[in-house]
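Each of the two complexes below includes chain A, the first together with chain B, the second together with chain C.
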Partner chain A sequence: MTRYILRRLAISFGVLFVGSFLMYVLTINSGDPLEDLRESTANNRDTLIAARIDNMGLDLPWYQRYWQWLTGVGGCFVGRCDLGTDRSGSDVLSLLQQSASATLRLVTIATIAAIIIGIIVGILTAIRQYSGFDYVVTFLTFLFFSLPVFWAAVLLKEYGAIRYNDWIADPHVSVLQAVLIGIALGFVLQGVMGGRMKRRLLTGGVTAVFTISALLYFTSVGWWRSPALGPVLVILVALAFAVGITALVAGLGNKRVLYSTLTTVGIGSVLYFVLGGALDEPNWWLLLGLFASAIVVGLVVGYFMGGYSRGQAMGLSAVTAAFMAFLTFADRLVYAWGSFLQLKPRPISTIGASTPNFPGDFWETTLDWGAQLLLPSILLTLISVATYSRYTRSSMLETMNQDYVRTARSKGLSERTVITKHAFRNAMIPITTIVALDFAALIGGAVITENVFGWKGMGAMFKTGLTQVDPNPVMAFFLVTGTAAVIMNLVADLAYASLDPRIRR
Partner chain B sequence: MSDERRDAAMQGSPEPLPHAGTEIDDPKFADKSYSQGQLVRRRFFRHKGALAGLAVLLFITLLAFTSIGIGSIPGWWDKDFTTTGSIVNGGKPTLGWFHLGEHPFGQDTTGRDYFALVMRGTQISLVIAFVVGIVSTIIGTIVGAIAGYFRGWAESLLMRVTDLFIIIPLLVFAAVLGRIAGQSGIFALALVLAGVTWTGLARLVRGEVLSLREREFVSAAQAIGTGHWRIIFRHILPNTIGVIIVATTFAIASAILLETSLSYLGFGVQPPDISLGSLIDQYQTAFTSRPWLFWFPGLFILAIALSVNFIGDGLRDAFDPRQGKDG
Partner chain C sequence: MKIGTMSKGVALFAAATIALAACTSDAGTEDENSTSPTADATATASGTKDDTVFVSVGEDEWDGYNDLTPATYSTYNSVINERVRQTFVYFDENSAIQINEEFGNVELISEDPMVVEYTINEDAVWSDGEPIKYEDVLLTWAAQKFTDGEDADGNPVALFDHVGGLDYGERVLEGPQGEAGGKSFTVEYENPFPDYMLTTVVDFPAHIAAEQAGVSLEDLVTAIQGGDVEALRPVAEFWNTGWLSPSAGELPDPAIALSSGPYTYGSWEAGQSLTLVPNENYWGTPPATANLVFRFASADTHVQALQNGDLNVIEPQATIDTLDQLAAIGDAVTVGTFDTLIWEHLDFNFGEGGSLADSLELREAFALCVPRQLIVDNLIAPVNPEAQIMNAREVFPFEADYDTIVSAAYDGRYDTVDIEAAAAKIEEAGVDTPVQVRIGYNTPNPRRTDVAALIKDSCDQAGFEIVDSGSSEFFSADLPSGNFDVAMYAWSGSGQIASGQNIYASDGAQNYTAYANDTVDAAWDTLTATLDTEAQQEQTIIIEKELWDSLFGIPLFAHPGVAAWDSTIQNVAPTASQSAIVWNAEKWVR
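Moving on to the complex of A and B:
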């Protein structure tokens, strides 16, 4: 196994090296770096040209320039990174440090969201094959496949963000709107749930009534501008999650797992009140530490209460604890929305990666980030969701036709066990590959979305670098995305090995 | 499968088929034998989405090429995409339900007829998409067949090149190449784009060839002393034709999105040529004042890509019914 991974890593770095060489040579040959100065009429034209030749090392032959760049990058291994300077002489490494975090945040969030939504939608469409839901989702995936990102981005900006910002200034849901939204949601949900007419009507009806009353209630208490979840809702949702995930993975008959996840929720609820004060002005390290300790608590609870199904209890309790921690985080974040609106009356931004000189506290700044990230990540997610759900669907259908699934059914296992244990686990194997391969495409998509939303991220760095025939910013972009892609591939290999024991040999 | 049968598969038979509408895959109705081509064609024409896609694509192609003409051949539309004029009624589109009007898609900021501009962009985008699709299919098929049949260095080279495209985002690589080639016209751009998009198909063909080369008919051909190239082109590749055609359609759909994205970023089609992507780039800031300048090119990209994707889906079901309706 170690040898396999080391071999893959060596190949990846070899390819990275060849790729960097190709990119460098192609970039410096893609145009004339002095074009704008040659046409300029400034008095000090010759000085400017000389300065740029000096900054970019244009008096050196190309292989010496590449060698300079390569040795600078090689310095990263001994802690002295030097990515060169751009054409005006500023240090590319510090430019990269400013821009990389925004882009990587965007791509990571989009990848995670797309994996979760894509896999869930893919499984649902596979289970409900040839239902109305399946056909609608199939059409939507085709639509997203065919959507020009840059065009959809402008539409989303104009019709999503600006309309929402207008609406939030005076949020009001009329009865008619609430009824329409409720009926639409109910219709969608009955399609997903399927079953007989009676069951469908019941699902649709309950959903519609619940949605309508919730919308009207929210409007009447002014929830849209000062929302809150509150401890009761947090604990209820966490309980529902614990029961749901136990029912899905272990089955409610497995009392030890059920009690273990419920205990985790209990401990989480106590901690919710105990730790309340510490979360007033936290930082990311504190939150990460709390998140990690929540998982440890889940593992410990599972270890002592799991009994005969210790492994499953530990895993599910840890997931429940993580969910509970996330809910507490979301609770705080939602609570900060009211004061955030005071600071920023038009919340969803269409330009830039963060509001300059934003004065808010930790929660408000996080909300500001989120508001900036929302639109670009929706776009990136949509396109990947189309790919992932499609692959999950066909992969699930393929495994559901296998003999071992029929065997599992015929020995009387419940449909839940058949799908989660026998079909889903095997269907995941090809999907890990797709996710890893798709990562590079997502970064490519990020270049476009950054351009539309005017982010000063790595995509912009790449675009201006290429327009100005300036190799160092382009290569810095390549270095980060290439390394990220290598790491994603490594993660995929590891996931692959854990899903398919045959690989480990 | 023999060559004759495959030839028939490609041409099909023009005769009308008996008992239309019945399930021809069912052995019950096997009183008349159908060639592979007839089966594929019938399955394709039963796929409503694919038929609609085909109709839309044909309509758009005809509209784009007949309206403003090709090169020096004039079309039926009386305005061209270079003449500026006075702006009528703020340049608003005059397109109604049953009439075109003077400027059906409106006018741009300098008074040019936007319908002619969009048609010109559609022409160029379509030409690039088809050239990219076909050329990348040819490269991919040949490389994939060589890698799968001879294995050895060709295979490892193919695998390393595919690894390269996992690490360099396709759009980024294409942008760098497009910036070089875009200045030399649309065909150079199309060839360059084909040069970076063939790897997926090559892997697919390699996989097919890997399994086909172990089959008896290949051993038989080798036993009677058939040359390697003849085996590849006459015996193995005809058996992968379904995979190749389907992949070509999807390649065309992604090529149109790649080209328009590049042109939008400014690394694709360069002025004076117009692409649907560069039109959007040019007028996206005009969205609030003249939204139609933004709507029409995007809708055309969407319509073309969507219809090609639907055709590809129909073709896949037709060539490989196992993947379609039956799971």
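Moving on to the complex of A and C:
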């Protein structure tokens, strides 16, 4: 195994080297780095030109410039990274550190969201193959997949930001709107749930009635501007989650696991009230610590209550605890929305990673941060969701038609066990590869998204570098995306090997 | 089917939510009574409204307090710094130079020798309370005066890393004359210098430079006056590096980055925004709005950001799409179109191999067939409906003396296309048709490609064969080597009177087309030697007329610019000058 990893690394290194060489040569030949100065009539033009030639080493032959860059990067192996300077003399390494944090924040969130949504949608469409729901999702995924990003971004800004902000200033849902939204949601949900006509009608009807009354009720009490979940709702949702996840993974017949997850919710509910004060003005470290301890509590509960299925109980209780912690966090955030709106009357911005000089407390600042992150994340997620859901669907369908799945069914196993235990795991193997590779591709794909939302990420660095014919920022971008691609490729191979025992030697 | 359990779960969840949706946060009730802090701004005692205006002039990051080193010298940087550090002059909305009376006064007191007297406002102080005085002026001069050793080629190396080189030091040999601590001083130019108003005579606080370099202010003055390079070296060291901001997001120490204007630096978020706040010690009119936030956003995001209130004042890309989008927003925003100081022109190659170089008739024929009005109508008028053909090189259509100069220098003979006259001129020249003309420009540039196509449509009828030889190597290869017959590119004007000498004089450094004309040379020499504006205008007319008659080239149009702002903000006035739309930002108010 070690030999295999080393060999892969050596090959990747060679690929990166050749790639960097090509990239460098292409970049410096893509235009005239002095163009703007040549058109200038300023009297200090010659000084400026001389300074730029000096900064960029334009008086050196191309191979020498590349060699300079390469030796600078080579320094990284001995802890002295030097990615050179951009044309105005700023250190590219420090530029990279700043821009990489913005980009990774965006890409990580988008990737996680896309994986979760994509896989769930993929499985649902596979289970309901050739249903109306399946066709609609297929249509939508192809639509999203072929969306031009810049155009979708403009639409998203128009409806997600500008129109929404106009609406939230005086939120009102008319009866007609509520009825239409309710019917639409009911229609979608009955498609997902499937079953006989009676059941479909029931699902759709209940959903529609619920949605319509909720929408109207929210409007009448002013919930849109000052929403809250409250302890009762948090606890009920957490209970529903505990029951749901147990039913899905272990089956409700497994009482040990069910009681374990329910106990976790119980402990979480107590903590919800006990820790209330500590959450008034927290910081990220405290929250992270609380989150970690929640998981530990879940594991402990599972350990003592799991009995014969201790492993499953520990896992599910930990997941339930994490969900409960997240729900408590969300409860606080939702509660802060009202005061956030007073600080920022138009909550969703079209540009920037944060509102300049935002004065709010922890929760309001987090909301601001999230509101800024929302639109670009949605955009990146939409595109990846399309890929993930398609791959999951086809992979899932392929596994579902395998002989061993038929055997499992004929043994009399429940549909849940067949899908989650037998089909799903094996269907995940090819998805792993896609997810790993897609992460690297997303960093590259984020160039346009960052640009249209005014984020100063690596995309902006790449773009300015290219328009200014300034190789060092472009190469820094290449280094990060190239390395990410190579590493993720390796990770995918390793994950593949660990998921599929047939591949291991 | 266990999935049935799930739908039961959903139903349970639904029912529970209906029962409990009564929960709303209590913030909502306050909401009705208390008004938001930004929406209802209160005026403070000083006359500054506690409000925020968001503006963007582009996506480029602010670079640092010292914007006079070659590395930090950029319009994006100086646009912000000009709101913090004032000087004796500013550009108004017509790009004309005006004396900044709050800062002081400038007066030309003698023409021969040329002496300019400056008086700093008695109350003028840096933001740390130290008066702005003669020492600051002296340091500004010293930064462009002294050299320290020579480089490998034997050229002197400047002691200070100043973007202006040694220009000021060479024009003013003895430096500004005045008393230490004094508020008035004189500057004596070695030769007459028509652009003296553009000389920056004060930039940074000298007492900070002295303190940071570990010398006393008196010693600094003595060292400058005595030309003691050894003593100045630590000061130059600080000047070159101490006022820079190498890591984005960390504002310079307010104790050393002093303000002499209505605003000072408030906060800086790397890659996002820089906020200016009022300078407490400003002696003049306080800014009308307290917070001026420059957001670093690319121009194509500006329109929607303006609509959403993320930006309040924008200068987006001047395209027809932008204008349509802005118009669609309605009355909430005001749109201003204007001519920028960037202007497009066609220059004939007079060097070896230029196919039109030796024949005035051929150049006239070419000028007669270039459809200038059509070019403006098709490519520029959609953005700026008031756009017109530009008929001069040294003045812009929006400048006051444009009509005077153009009417005296040019009779309008090339305003309309005359194919027959062009064909006759070619015949007169007695050359074989078609005459090949290579139009060189830098690619990619769709607008210039369109211009070349329009010229081809028209001129091919007259007997030319226009070749579109646009190339991405135009500036680096074709233009210097003379591999073109007609060059198409833009000059960006800088408001200087004498900068054209570089382009049109026979030995000018930017005379890329090998044009040589004794009349023009002589007129430039006369122009640069006089300080009388009427005499300057006379010489400009002579130059323009000769450039038309001998057909140096054909000016086409000034590039259009677009600005837009939230209609509730008053006193916004777009300008073509480098100070950009924020030139009067301290007057903006809701």
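The rule is short, and it goes like this: the second predicted complex is superposed on the first by the 447 of 505 C-alpha atoms of A that agree within 3 Å, B and C clash if a C-alpha of one lies under 4 Å from a C-alpha of the other, contacts with A are read in each partner's own complex, and residues count from 1 in each chain.
Following the convention adopted for this analysis, a residue touches a chain if its C-beta (ideal position, glycine included) is under 8 Å from a C-beta of that chain, and two chains touch if they have at least 3 such contacts.
In this text, all values refer to a predicted model and were calculated from it rather than measured experimentally.
S.K.: Overlaying the two complexes on chain A, which is it for chain B and chain C: clash or fit?
M.R.: Aligned on chain A, chain B and chain C clash with each other.
S.K.: With both complexes superposed on chain A, which partner does A:S213 reach: first (chain B), second (chain C), both or neither?
M.R.: In the superposition, A:S213 contacts chain C only.
S.K.: Pick one for A:N451: touches chain B only (first), chain C only (second), both, or neither.
M.R.: The answer is both, since A:N451 touches chain B and chain C.
S.K.: Once the structures are superposed on A, label A:T365 by its partner contacts, choosing first (chain B), second (chain C), both or neither.
M.R.: So A:T365 meets neither chain B nor chain C here.
S.K.: Of the two partners chain B and chain C, indicate the one touching more residues belonging to chain A.
M.R.: C
S.K.: Pick one for A:G230: touches chain B only (first), chain C only (second), both, or neither.
M.R.: After superposition on chain A, A:G230 lies in contact with chain C alone.
S.K.: Mind working out whether A:T108 is in touch with chain B, chain C, both or neither, as first, second, both or neither?
M.R.: Neither partner.
S.K.: Quick check for you: in the superposed arrangement, does A:G31 touch first (chain B), second (chain C), both or neither?
M.R.: In the superposition, A:G31 contacts both chain B and chain C.
S.K.: In the overlay, answer first, second, both or neither for which of chain B and chain C A:E158 touches.
M.R.: In the superposition, A:E158 touches chain B and chain C alike.
S.K.: Applying the touch criterion given at the start, work out whether A:Q402 contacts chain B, chain C, both or neither, answering first, second, both or neither.
M.R.: neither
S.K.: Counting only touches as set out at the top, which of chain B and chain C does A:L16 meet: first, second, both, neither?
M.R.: First partner only, chain B.
S.K.: Can you pull the chain A residues that chain B and chain C both touch?
M.R.: After superposing on chain A, chain A residues 30-31, 154, 158, 451-452 contact both chain B and chain C.
S.K.: Can you list the residues on chain A that touch chain C in the complex?
M.R.: Listed in rising order, the residues of chain A that touch chain C are 30-32, 34-35, 38-48, 50-52, 55, 88-91, 94-95, 98-99, 102, 154, 157-158, 161-162, 165, 189, 193, 195, 199, 203, 206-207, 210, 213-214, 217-218, 221-223, 225-230, 232-233, 236-237, 240, 243-244, 247-248, 251-252, 334-339, 341-343, 345-346, 348-354, 356-357, 414-416, 451-456, 460, 464.
S.K.: Provide the residue numbers of chain A that touch chain B in the complex, in ascending order.
M.R.: 11-12, 14-16, 18-19, 22-23, 26-27, 29-31, 129, 142-143, 145-151, 154-155, 158, 394, 397-398, 400-401, 436-437, 440-441, 443-445, 447-448, 451-452, 462-463, 466-467, 474, 477-478, 481-482, 485-486, 489
S.K.: Taking the complex as given, what residues does chain C use to touch chain A?
M.R.: Within the complex, chain C contacts chain A at residues 1-7, 9-18, 20-31, 34, 36-39, 52, 54, 59, 61, 63, 70-74, 163-165, 167, 246-249, 266-267, 269-273, 275, 291, 293, 295-298, 300-301, 304-305, 307-311, 442, 472-476, 479, 489-494, 496, 499-500, 502-503, 509-510.
S.K.: Would you pull the chain B residues touching chain A in the complex into a rising list?
M.R.: 160, 163-173, 175-177, 179-180, 253, 257, 260-261, 264-267, 277, 280-281, 284, 287-288, 294, 297-298, 301-302, 305-306, 308-310, 313, 323, 327
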